[in-house]
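Please find the structures below.
Two complexes, one shared chain (chain A), two partners (chain B, chain C).
Right after this comes the complex of A and B.
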């Protein structure tokens, strides 16, 4: 059995990402248990865990989502496999540096590395820790940038321009709807645009931080630094769902035997999201009173609007494509369908928080991690593992068993448990990023920690299935070699 | 041959003491006029040199990546504020400036650029955009004098120069990716 081009690299990438995700969940559980008063590692370790958890989760999600995008986009345009491999190498190097920075040099400035924090640690970490972390982050970004440039190049080569990749010629009526680019191409074009902008912002602010860490006499405008940091972080984290949603379009359409058509409404929605995703980040700065008022208003209004076009079109499309299709629910398609619920439900607390009046009360509470744990945990992560099961399901005799189905239920309930524990904490005004909690704040944290343990078990079962597949595949290859 | 001639004339003009003094009087002309012009003279000369010694360049710069790496290293060095001071104060650093830009940046750039793939070209451009962004921010926002030989107010002008450069590159990229390449 010969594998299609690049599949082996995709699998390696998914394994690295899955291992990272489960490891980072472990740090998340430890933090919740510390907040719940069950264990005590001390505040220094808590902030190291916080830093590695945030960075690693986003990094792992980006890596896996890149695999999804590359795998499906490669079916429509010609991508470079060497670039994908180079991305993995740079990613691993970057992650190793980040781990060294956090655990060997005790950098704990959170994934936001908000200027001037990396240079002002009050002795918690030194120059080496901050530099190792920031350079590691830069390497991860560099790998992603190369993948995006390659994807952009291939889309332009096939369709003529990024505008055509977004289907602008169909929107303007120059081309028929039947000739519109496939959904995977449209989504990839959007990701190429927004993530490249994010990485440019990120590179600039990371280098400014590096200069400041090396010589603190060089000081910069902290408000501009915060804007660039969130333009980088928000867009990158947000775009993981736009990369991963390609799996929804491709897998559901294959599972139901119905094509996912790129009609005008779909194309307009993606163009709107391209624009909105890049300019909604000021909702992270609603508490910065020195920000221009117009920017905050734009942040609020477009945050309301941002999630809706693509989400509504995709969620509605998913319901329609499945309705009376006679779909045979497998693990892959089930997880993908579940992810639509996670995405839809996860944006509700997010949209609430993006209202300035609500934000002033809720933004520094655990309401915020509540929203993104639901959005990422039940949305993006479900898409990633759905893709993983899909990738494996057609290849050989290995089939998901009762244990996998049990893991599916356990995963759904436990990630809901984690998310609602955060949302409940937020509702009772528990501050986020606090290493220790008052007694009256501890119960939801303990509940979240225990749910997190069950979540790790469920994810562990998903990973074991993938490892079983890898073992079987290697056996098949050795038999083939012997026969040859 | 025309390129070689123009390149040499430009190089000689840039070596005239009055031109040197004029160019080095302000940091913005020193960094964003003299240095790019030296680079351009190298590019013009490079056209002739690469055609004269094709086997040398083919052997050492077949993919264009070694040449581009050299371009990176040299240009990054000349972005350091300290290098500007040293070019004015230390004689051999000044000589290095007049040698490095035409011969270690201009000629390798002329030879490497056509050899690079579309992806590599994009990578180069997307590395210089944030680099210029960092330089813009550094020179505009730094509360201290970065070069002993130039005033703080002058370095702000240089910062805006870098910002303009970055903006132009971004604009170029945007128009390039959104215009239709189907006919190519």
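Right after this comes the complex of A and C.
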């Protein structure tokens, strides 16, 4: 029995991502426990953990989401496996450089590295740390870029253009609805467009920072740098869910035996998401009053509007497809369904915080990580593990057991615990990214830290399942070779 | 106050979502043809979509009536006190730190080095206003002090290893 093409690379990629994610959770737990006053390893280590936690979580999510997108898109268009493998090599190289930059050279400028912080550390880190970190980040971005370019090439080759990949010819009535591109192609096209824009912004700001670190006499506009940084960070982080949601379309559709068709409403929603995802990032700059007022108002209005495609189309579609479907719940489909709850639940605090008057008293409090821990932790990560369980459910000798089901419940409760600890902290005005907390802010941090420990146990059980699967798989291959 | 409203609204909507997802998961045990489900629930979606848009429009209009970076309407004819703030690693320089209850202050905030945050906490340690301190730019926002006591100013944008210690005080009598 041979694995389908690319599946083994996909599984390796997913396992690297999963290992990274659990390790980064460890840093997250340590930070929360320090904020809660339970442990004390000093501010220098705290901010190094902060930098590696943010970078590693986004990196791991991007790697996993890329695997999901590649796996399903490859069923409809011809993708290059070599490009996928090259991405993993560049990713690992980049991650090694980032680790060296953070832990050997003590770079702790946070993954949002706001210019001119990388060059002005007040003696905390030097040129080597900033350069190693920034170049490592650039390598990770480069790996993703080549995967996107390959995906864009394949979509254009089959469908004619990226516009057709988004189904614009169906929206305008030039083509029938039944001939619309599949959901996986539509979502992938969106990701190719938005992530290429994100990586372009990121590359510009990273290179500007690199030059500034080498020669501080070279300066550039801090407001432009901030715009580019958040265009990069916001789009990249958001796009992980748009890549991973392909697993929702494919897995729920197969598990229920019901089609998830790309109709006009669906295609319009994805075009809206493409546009909004690229232009709503000014909601990260609502407290920069030198921004044009219209840009800040647009930031609020479009952030509200950006919730519509998921709330009205994707989440609603997931509910409809499952409703009275007679679905046999397995680990894969359960996690995937849960991920849609996580996504939509995470959207709510985000939308509320994008109102300027709310943002004025909640921006950069722990409300912000509250929303994205729910969105990423209960959305993207549930999609990742749902996809992993789905991927191996039909061709393996190890079946998920009671322990996996226990891990599912533990995961749900503990990530909710982490997210609500952040939201509670935000509601009582606790600042984010603080190495220590005043006493009145410590209790939610301790609750979050303890929830995080349980979360790590649950994720550990998920990962052990896949390691057992891989070991068994390798044994099967050895036996097959001997027989042959 | 705003934080409390947002907190309860979030909790309410998330509980509502959990109930809907739970109900659908529970009802998934039964099996029914998909075609009538599509017909019925697409109609419901139209209503739900319109309601959501209307709700968002109402919230948008309500929340955009007054913006913290515009001079508040209630101070027309009243003198606004301009305060210059310069942030640096790791402190703040304010040209005025004592005020009276009812004073409306225009904070003009900039920085000597990297980006910082300028967050004002009332005597109960509730965040009541903030802006970013950005190199080469001056951000402005308005705040009316409505209770006496010591107000803390905290840096709300990560700026280096002593970020969490970057704070100062203002006294309102």
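By definition in this document, the second predicted complex is superposed on the first by the 482 of 484 C-alpha atoms of A that agree within 3 Å, B and C clash if a C-alpha of one lies under 4 Å from a C-alpha of the other, contacts with A are read in each partner's own complex, and residues count from 1 in each chain.
Definition applied: a contact is a pair of C-beta atoms (placed from the backbone, for glycine too) under 8 Å apart; a residue touches a chain by one contact, two chains touch by 3 or more.
All values reported here derive from a predicted model rather than from experimental measurement.
S.K.: Looking at the combined model built on chain A, do chain B and chain C fit side by side or clash?
M.R.: Pair status: fit.
S.K.: Roughly what angle, nearest 10 degrees, sits at the C-alpha centre of chain A between those of chain B and chain C?
M.R.: Approximately 100 degrees at the chain A centre.
S.K.: Which touches a greater number of chain A residues, chain B or chain C?
M.R.: Ranking chain B and chain C by residues of chain A touched puts C first.
S.K.: Touch check for A:200: first (chain B), second (chain C), both, or neither?
M.R.: first
S.K.: Applying the touch criterion given at the start, work out whether A:429 contacts chain B, chain C, both or neither, answering first, second, both or neither.
M.R.: second
S.K.: Examine A:341 and indicate which partner it touches, taking first as chain B and second as chain C; both and neither are also allowed.
M.R.: Only chain C is touched by A:341; chain B is not.
S.K.: Scan A:15 for contacts with chain B and chain C and give back first, second, both or neither.
M.R.: Neither partner.
S.K.: Once the structures are superposed on A, label A:100 by its partner contacts, choosing first (chain B), second (chain C), both or neither.
M.R.: neither
S.K.: On the A-aligned overlay, A:221 touches which partner chain: chain B = first, chain C = second, or both, or neither?
M.R.: In the superposition, A:221 touches chain B and chain C alike.
S.K.: Given the touch rule stated above, what does A:83 touch, chain B (first), chain C (second), both, or neither?
M.R.: A:83 sits against chain B, while chain C stays out of touch.
S.K.: Who does A:152 touch here: chain B (first), chain C (second), both, or neither?
M.R.: A:152 sits against chain B, while chain C stays out of touch.
S.K.: Quick one: classify A:92 as touching chain B (first), chain C (second), both or neither.
M.R.: A:92 contacts neither chain B nor chain C.
S.K.: If you've got the overlay open, could you tell me the nearest Cα approach between chain B and chain C in whole angstrom?
M.R.: Between chain B and chain C, the shortest C-alpha distance works out to 12 Å.
S.K.: Determine where on chain A the residues touched by chain B overlap those touched by chain C, and list them.
M.R.: 221
S.K.: Quick check on the complex: what are the chain B residues that touch chain A?
M.R.: Counting only chain B, the residues touching chain A are 118-119, 122-123, 126, 129-130, 133-134, 137-138, 141-144, 177-182.
S.K.: Help me check something: in the complex, which residues belonging to chain A touch chain C?
M.R.: The touching residues are 43-44, 47, 50, 108, 110, 112, 114-117, 120-122, 124, 221-223, 226, 258, 285, 287-290, 293, 296-297, 300-301, 304-305, 307-308, 311-312, 316, 319-320, 322-327, 329, 337, 340-341, 344-345, 348-349, 352-353, 355-358, 360-365, 367, 423-424, 426-429, 431, 433-436, 438, 440.
S.K.: Within the complex, which stretch of chain A touches chain B?
M.R.: The contact residues of chain A facing chain B are 80, 83, 145-146, 149-150, 152-153, 156-157, 159-164, 196, 200, 203-204, 207-208, 211, 217-221, 224.
S.K.: In the complex of these two chains, what residues of chain C are touching chain A?
M.R.: Of all residues in chain C, those touching chain A are 2-4, 6-7, 9-10, 13-14, 17-18, 20-21, 24-25, 27-32, 34, 37-38, 41, 45, 48-49, 52-53, 56, 59-60, 63-64, 66-69, 89-90, 113-115, 117, 119, 121, 125-132, 134-141, 154, 156-164.
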